[in-house]
Every structure is written in structure tokens, then in C-alpha cells.
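Starting off with a structure, shown below.
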Amino acid sequence: MDLGVIIGILGGGALMIIGIFWGGGNPMAFFDPASIVITVGGALASLFVGHPMSRVLSMITYLRITLRQPNFQEERLISQLVTFSEKARREGLLALEDDLEELEDEFLRKGIQLVVDGTDPEIIKSILYNELNQIQNRHKAAALLIDDFSKQAPAFGMIGTILGLIIMLARIEDRSTIGKGMAVALLTTFYGALLSYLIFGPLKKKLDDRDAAEALVKEIMIEGILSIQGGDNPRILEEKLLCMLPPGRREAVRQQAAKE
Amino acid sequence: MDLGVIIGILGGGALMIIGIFWGGGNPMAFFDPASIVITVGGALASLFVGHPMSRVLSMITYLRITLRQPNFQEERLISQLVTFSEKARREGLLALEDDLEELEDEFLRKGIQLVVDGTDPEIIKSILYNELNQIQNRHKAAALLIDDFSKQAPAFGMIGTILGLIIMLARIEDRSTIGKGMAVALLTTFYGALLSYLIFGPLKKKLDDRDAAEALVKEIMIEGILSIQGGDNPRILEEKLLCMLPPGRREAVRQQAAKE
Amino acid sequence: MDLGVIIGILGGGALMIIGIFWGGGNPMAFFDPASIVITVGGALASLFVGHPMSRVLSMITYLRITLRQPNFQEERLISQLVTFSEKARREGLLALEDDLEELEDEFLRKGIQLVVDGTDPEIIKSILYNELNQIQNRHKAAALLIDDFSKQAPAFGMIGTILGLIIMLARIEDRSTIGKGMAVALLTTFYGALLSYLIFGPLKKKLDDRDAAEALVKEIMIEGILSIQGGDNPRILEEKLLCMLPPGRREAVRQQAAKE
Amino acid sequence: MDLGVIIGILGGGALMIIGIFWGGGNPMAFFDPASIVITVGGALASLFVGHPMSRVLSMITYLRITLRQPNFQEERLISQLVTFSEKARREGLLALEDDLEELEDEFLRKGIQLVVDGTDPEIIKSILYNELNQIQNRHKAAALLIDDFSKQAPAFGMIGTILGLIIMLARIEDRSTIGKGMAVALLTTFYGALLSYLIFGPLKKKLDDRDAAEALVKEIMIEGILSIQGGDNPRILEEKLLCMLPPGRREAVRQQAAKE
Amino acid sequence: MDLGVIIGILGGGALMIIGIFWGGGNPMAFFDPASIVITVGGALASLFVGHPMSRVLSMITYLRITLRQPNFQEERLISQLVTFSEKARREGLLALEDDLEELEDEFLRKGIQLVVDGTDPEIIKSILYNELNQIQNRHKAAALLIDDFSKQAPAFGMIGTILGLIIMLARIEDRSTIGKGMAVALLTTFYGALLSYLIFGPLKKKLDDRDAAEALVKEIMIEGILSIQGGDNPRILEEKLLCMLPPGRREAVRQQAAKE
């Protein structure tokens, strides 16, 4: 679980409720189903117009990704690739076939399979990078959808407020309802702004982070697979792959290697 | 039919009406011909100033494209190109002449015709890419027009609201008309925002998607035509073309190929 | 005359007047010399600060360009260049000297003159592209000026409204003038928005279009001049130049060529 | 003196005063020291946070540059460089030493000195371009500072208005002060907008123009110095340097050359 | 200490207080804990959603960097590198081992260590540039965080104001509280704008400056280390490194060198 996402959204929501109490307001007055329907429903409707339906329907799936703390265990991956490299140099590339079963990551398994099959390095490279490209395109499409929602939500919040003002103004003679009418009208702007600034805008950034993290792992895999096939020195391979990690994590791997 | 566009626009409109009822308003009060004339008419007038007239007059045509669910049948196209490739290797490039009649797509027919005529590959490539370029330029001009409308609509919505406020303020002594005057003034902003955020903004994205999809099909055709002329191995051609599709659709073709 | 510009501006203005009548307002109340002075004058003053004076004073000239329907007669130009090419191959480059007189376009005449003078092709190319560059820089500076006005007009519209509100608020005790004061204050925003969204914003796009059209013609000329000097085959030259036109116009030239 | 800057700023200011009179206001009511302190002072304070102190303190110097009409006398420079070129070809590079004294421009003098010293052309080129780069970086930093002020001024204008509104609202019971309070509150927005749209925004553009003009002169110098060292033909050098000027000014030089 | 940051923030704050007094307000009325909680807390909560938690928790550290006046002593660094270069040419690269202890900068020590170890120049270059890259990525992530806060603060300021307006409007019958309610509601917008325009927006620029300054120092180090290993002439090395400094500071070094 990515605690930051949970803490941020729940904490931000709690702050709003505290602010309402503190300001002498009633939190229940901030809950209005009609306003939610206009803001969220309107923004969703606009997504259906602009994006393929299948993508809009997968929105929940994309959001769930932001909640999962990614654990790609790059360190473990690198030592695994180094072990494969040593084995391949000792016993030949075909010996890697026995390890295929254990590999959980489909991308890595596919790459090693191609090496075992004796595929041409250029073709392996182009197949794997093509695969990575497609993954990143899917991620980008998902991030664009979330980004679009974060922009449409305040737009429909504003539309809802204008709608509410028009209703209120049409019966302005009844002075007693002006205040309440305007308060309700402003609710959609409030919802739209919270949805955008507290939730969907930041979640879009998180999706971009997740994409970058996964792309790094896949690039380490591609680099490793091609080095194994090329018969590179396992020490040099390890150094090369470690250089792809940030310095802090690099040290961790080195210390562990020194211990062994 | 692209159901998403229909669902989104009708659904979004329905939500607005529901919201008006729910808020105690009268949907008929939201219909004001003068406001529609100012918002839509003003935005259209500005398009005439900034774009060639012929393009503005084709706006409906562009919008209809977004309603059509594109069905380029890339899978069928690829197997067709592979069949051509096999035939050409077996019976020579001239044998493709018999198939020209059956080809519905003008772009593909033109390309195969050039191959049959024995045109130089470099020239075929430049002719077809030039053609693709011109298609994409037309698409881009159409998308820019829609995009422009989606930005001018809220601008004229705002202009209409200021116009309404000025009228209302000029006779502010008559207190009973203030509310109604402001309500009517706000209608143009409401129209402009809905036109932009629910309809034309998202439709512009859809047009961009349609362009990308058509460009992909044309690129598959160009790649296929040049490979056929070059006498490439049909298996390699198939693999190359499949790599241009997203992974899911790729599998579908492979499974079908395996069945056969 | 570019009818679109006329129709758009007059039509947009007419729509505003219709809207005012329809809304029960008096169009004369929308005419206020002081507001025009602040909005237009202020925006013009800011142009003098940011642009060279000579350029600001040529603004009217730039605007007149957008009214002229460009008629570069690319088709005629291409057949002219092809005729030159044939003549040069038959009778030598010097024979083109006789045709120099008839050439109306200065750019083309200069290019052919350089060819007749036996100037080095590299130098011709650099001279003509340098000339084209300077033309495009002038166009870009003009477009930037118009663009700047389209952004300053609403800014000074807003400044005028604030100015009007301050005046109105300073004597708010006189309740009877509040409405009229605010109405007048809003006029500058109204003027600024119309100037920007109906007129100068779109005109800037038109200027960009005009620039692109002229650049295309000049590029066709450069390509043609260099091909004539290089002694290229007139048929290949024609095909090359036609490819620089959009498909529709290309066909027109071919059909005419076939008729002859 | 750059008359445009003077005319624009004074003219714009005069227009505002005329507008105030015309609208029935009192220009003195638009002068409020507290509002000036908040708008200008606040924007300046924010510059101290974001830019090096020395640069903020040089702001006046940067602004003075925009007032000076640049007179780089490119035409005179070019004929001077051509004269040097002829002399160097006739009497050798060392002969240029006599002319060093007369050169007012430090950049040019440094370049000629390097040539006289027999420095390697590659090193001269890298030294002079490095110098030019540093000059442009200083210009860019100055332009960014002015640009930043033009954005912070309206921001602090808005902050001042909110500040004024809060003060006014806190004692809203006293109805007689509402109007005056709001009028004063709006003054900061008025100041911020004028500072940004009439003065600092356009001045930033002027600084960019000045930078481009000076860079052009320095590039002509570098081109000339290197050609002199390389012993290029003075006629070719003149043609090359003239091509760096806009066409109009080019003609002026040629006509003068023809007269001589 | 970077005085500019201190002067700017304290000065800007003082100006606000002066402005409040001058406008007849009570500075204590501008202090409202609930408003601070909503603006600052809400913006922080949104940072937790969009950024890794560890980065948000380091925010204070990033801010402290902007307060420290960087003193990289490039001049001293350059003469140190020149001294090393001379020593290495006289006594061999191994002789530098004695100086390693004294080096405070870890980056420089690591580089010299690699040289002493006889590592391949290409590998040293890639290790050091990789290190520099990682440093800059960390800086960029920090700057993005501060930038994000500077954008979220006014957003939550606006959210707080809407929240306050809704509370106030819900009990609008009590006329006496309207003014105070609105005043309090506007406080969050005031806080958000000050946080963004006076503090965090400018601090982001300062962080970018700090990053550029540190990158320059590291680049001087890399250049120097590689030149020492390559056995370049110490004079040429000095000239090369000096060229990386702005002209003013360059002169200072040269004058000192001349004095010695």
C-alpha cells in the first residue's frame, strides 16, 4: 500500500471537515447528492466523449495502481541477472531453460526464452523495446485519462455553480432562499476543486512515477538479457546495471555483495 | 457508431436536466434562443475570420467522423498484404494486377498499382508518404478548427454574459428584473462552458485519435507495399506488420493463423 | 477579397446588435467613446513600448493583408517554370534572359537573373533562402504585433473596468448611479473581449496562413530555379513541384496538362 | 532615446487620466501611497527571494537600456571590417595593430588584438563565442528579472485587493465606508495591471529585441574577424556580412559603395 | 546566509503588515489558525498524494538549501586542480594519493581516487557524469516538490474561501456575521497567494539557481580530473576551466595569478 496516497487523501478530507467545524459550519451541509452527480457525472460523461469507452471503464483499475506501493526489487533482479550471466558463461545459454519456470515476470521470461531459442540479438532487442513501448503507451493513455478527469472536474464544478446561480436568480424575489441557493451552487465548485487538487491531479503525477519506475525495471531487464546473450563479464554487467539505480540503493547491493 | 460519443453527450445533457430539476429549477428557463445565437453564432463568426471559409463550412463533416466507430480491420489488412506477398513471390509482381479491382481502399490500390507499374521503390515511398502527409495535414486542420470552436464558445459565452449584465445594469432601478436579467446573462456562459467542456473539447481529442488510427493503417499499408515490392519473406513481413499493432490485437491474429 | 474575414467580423458584430435588441437593450448604450479610448488607446500605447515604432505604425498594412484573398496561382507558376525548364534545355540558360521582363514577381525575376548570370548554384540557393527567411521574419514580426494587440486589448479592457469601478465606488452614496456606473465600467471589458476574440485573435491566425501560403510559393520558385539551372528533366521537375501542392489542386493541373 | 517607449508609457498614462476625467472621476483619488507600497514593494520583495540580490539591485540599469535607442551602425561596422580586410591583405595582419587604438568597441578590439597576436583561429572563435554567450546569458537574466516583475506586480496587486477587502469587510457595519474601502482595495489591482501590461511586460519584449540586435552586431564582428585572419577576399567578406542585415539596410550600404 | 531570501520574505511580510495598518486594519485579524490549517495542511496533503512520502518529509531540508549562500569557491577549486595537474606531470598520477585525505568534497575525492587507481578514462567519465546526473535528478525532484507546493497553496486557498463562503451563506439570515464571515473566508486566498507569490514560487527559482551553480562546479571538477589524467598542460587546463566561469570572476583569478 502506498501510505502517502492514503494519508494524503484521508488527511486532506479530514482537514476540510475540521475546517468546516472550526469555521462554525455543519459538515452535513457540504454533502449534496445533486452536486456530486453534476460534478462527477458531468466530468465522466465528457471522458466518454473524448476517450475510447474501454479505457474510461478501466479507470478504477488505473486508480488502484496508484494505491499499490510498487516493489520491483531491482536489487534482487540485478543479482538474479548476474547469476544467470555466470551460469550462461559456465554452462552455455541453453542451461538457462531450467530457470524459465521460476521466473514470475512475464517480460523477463519472454526475453530469456528468446535467448534460449537462439534468436538474433537485434531481433530480441527490437521485440523487447517494442513491448516496453506498448506498455508505456498504455500507461500514458491511462495517465492522460486521469489528467483529463482532473481538469474536467473543476470545469463541471464551475458549470454546476452557474447552473445553481441561474436557478437561484430566477426566484430571487424569495429573499430567504438566496443564501442557501448560493451555498448549494458553490458546492459543485468545491467538489470540483477538491477532486482536482487533492485527488486526481496528484494521482496523475503518481501514475507517471509508477510508469517511470516500471520502465526502469524493464530497461534493466533488457540490458541484462542482451548482456547475458553477448557473454559479457558478470562483474561488468553488475556494475552496469547498478549504475541504473540511484546511489543509495546501489550501495545496499554492494554491501550485501561484500558480505557474501 | 461510436457509442461513447453518443452516451457521453446525451448522458451529460441528461445529467444537467436532472441537476436542474433536483435543484428545483425549470429546464425550460435554461432555453433561451438569444443566448444560443450569441454564443454559437459569435464563436462561428470568429471561425470565419480565422479559418478558410471552405473549412468552416465542412465543420459538420468533421464532426460526423467522430460519430463513426472506425473499423479499419487492421488484422484483415495484414493477412491480405501477406497473401499478396506470397502471390508476388510465386507468380511475380504483375500477378497482383488481377487483385486491384477488389481493393476498396484507394490508398492501397494506388500503392499496389505503382508496384505493378514497376515504379522505383524510392518514388513509391515518397509518393505514398507525401499522400499520408497531406491526409494528416487535412486532419490536423480539421482538429484545429474544432479546437478553436471549443475555445471560442466559452469566450463568446463570457462576452454574452457581460452584454447581458450591461443591459441589466442599465435599468437596475427596476429591482424586480435584476434577478431574471442576471439569470439570462449567465446562460451564455453556461452554454459556452457546456459546448466546450462536454462536446467540442472532447471531440477534438476524438478527432486526434481517429487521425492516429488512420495513420497507423496507412503506415501498415506503406510498409506492406514496399516489402511486397522488395520480395521480403511473407512470414517476416507478417511479424513486422503485427508488431505495429497493440499486443492484444496481435495475439488475435496469431491464434487465427494457428487455427488455419 | 477574403469574404470569410468580412462575413465573420460584420456577422459577429451584427449578432451582438441583434443580441442586444433581443435582450431588450439599447445598442447606443453600448457605444461609449471614453471606453473605446481606454481599451484601444491603452493597448496601442503598450504596443509602442514593446515593439519598434515603425512596426506599430505599419499595423494597418498588416491588417489589410488579411483582407486580400491571396491568389498566388501556383498552377500557373508551375507551368511557367516547366516552360522555362524546357526552353533552357533547348536553347541554353542565357535564352531565359528574354523572359525576365515579363516576370512580375520580383523574387522569381531575381532568381532567374542569377541563373542567367551564371552564378554558382550554392550561392543562388543561399541568396534565395536568405531572402525567404527575411520575408518570413517580417511576417512573423507582423503576426506577433497583431497577436500582442489581441492579448493587450482584453487586458486594457479589464484595466478600464477596474478604473470605472473605482470611480463608481468612490461616489457609491449616490445609489442611482451605481447601475449605470457599473454598466459603463463593464463596456471596456466587452470591447476588449470582442477585439480579441472576434477580430485580432482570428486575424493573427489568418496572417500565419498567409505566411505559409507565400512561403510555399517561394519554395516552389526556389526548387524550380535550381532545377532549371541543374538542367533537370522538365517532366520530373513538374512532378516534383506538383507534389508540393495539396492533392486537389494537383489534379487540376494534371487534367489541364492532359487536355493540352 | 527610444521614442516609442516614452510615447507608449506617457501616452498610456495620459489616456488613463483622460479616461478618469471623462468617466467623472478624480485622478487624485487614484493616487494612494499605501497601495503603491504593497504592489511595488511586494513584487520587489519577491524578486529578492527568487533572484540574486546584485541582479535585483541592477534593475534600474536594465530598464535604462530599453530607453536608449540602439545605434550599432552595422553599416559603418561592415565597411570598417572590409577596410581592415583590405589592409591586412595588403600589409599583413600585424598592420592592424595601428588601428586598435581607434576601436571603441571592446569586443571588436579584443578580437583584432587576438588576430594581431597570431592566436590560433579555433581559439579566437571559441573565445569570442564564449564571450558572446556570456553577454547573452547576462541579457537573458536581466530579461527574466523584468519578466518576473511583470508577473509579480499583478499578483501583488491582487494580494493587496484581497487585503483591502478583508479590512473593509471586517468593519462592514459602517455602511458609509464600504464604497470607499472597496475603491481603495481595487487600486492595487489597477496598479499591478498597469505596471504589468503597460510597462514591464512590453519592456521585457524590448530587452529581448535589444539582445537580438546586439548579438547580431557581435556575430558580424566575429564573422569579420575570422575572415580577416583567414585572408578572405574583401568583396566576398562584404557580401557575406551584408547578407546578415535585413534587405532594406543592405541596399543602403550598396548604394553608398556604388557612389564611392 | 542568502540575505536576499531573508530580506525578501521578512520585507514582504513587513510590507503586508504596514499595508494593513495603513489601510486602517488590525494585523491580528489577519491571523486565523483554521485558515492556516486549511491552506497549508491541504496543500501538504496533496503533496503526499502526488510525491513519494520520503521526499515530502525532506521538504524542510530543501528549503534550508535556499537559505545557505552557496560558496563553491570555484576560483580556489580551479587553482587546486591546476596544482594537482602540475604535481601529476612532475611526480606521476600516483603522487596525488597523498592529497586525497585533504579533499573535503566527496565528488572530487572520488574522481581523483579513480585516477590514482588507474581506471580507464572513459569509465571515469561515465561514472562521474552518472553521479552528476543523479545529483541533478535529486535537485529536480526537490524543485518540483517546491513548485508543486507553490501551485497547490493558492488552490487550497481558493478551496478554503469557497468553504468559508458556503458556511457564511448558509446562515446569511444573520446579517451581522456576513462581513466577518466573508473576511475570514478570504483569508485562505490571502495566505495561499502570499505563500505562492512571495515565498515558494521564488524559492523554486532559487533552487534552480543553486542546482545550476553546483552542476557548474561538478563540471569543472570532471573537466579537471580528466585533464589531469590525460596529462594536459596545466596552463591550458587553467585557461579551459576559467572559461567556464563568468568574465568578472575570471579576471579575479587572473589578477591573483599575476600577483603571485
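Order of writing sets the chain letters: A, B, C, D and E. Residues in each chain are counted from 1.
Methods note: a contact is a pair of C-beta atoms (placed from the backbone, for glycine too) under 8 Å apart; a residue touches a chain by one contact, two chains touch by 3 or more.
The shown structure was predicted, so the numbers you read here are calculated from the model rather than taken from an experiment.
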Chains touching both chain D and chain E: none
Same-site or different-site touching of chain A by its copy chain B, using the half cut: different
Centroid spacing, where centroids are CA-atom means, of chain B and chain C in whole angstrom: 28
Chain B and chain D, separation of their C-alpha mean positions in angstrom: 45
Residues of chain A touching at least two other chains: none
Category of the chain touch graph - line, ring, star, complete, other: ring
Residue ranges of chain E in contact with chain D within the complex: 3-5, 7-9, 11-12, 15-16, 18-20, 22-26, 29-30, 176, 178-180, 182-183, 186-187, 189-190, 193-194, 197-199, 201-206, 209, 243, 246-247
Chain C-facing residues of chain B, complex: 33-34, 37-38, 41-42, 45-53, 56, 126-127, 130-131, 134, 137, 148, 152, 155-156, 158-160, 162-167, 169-173, 184
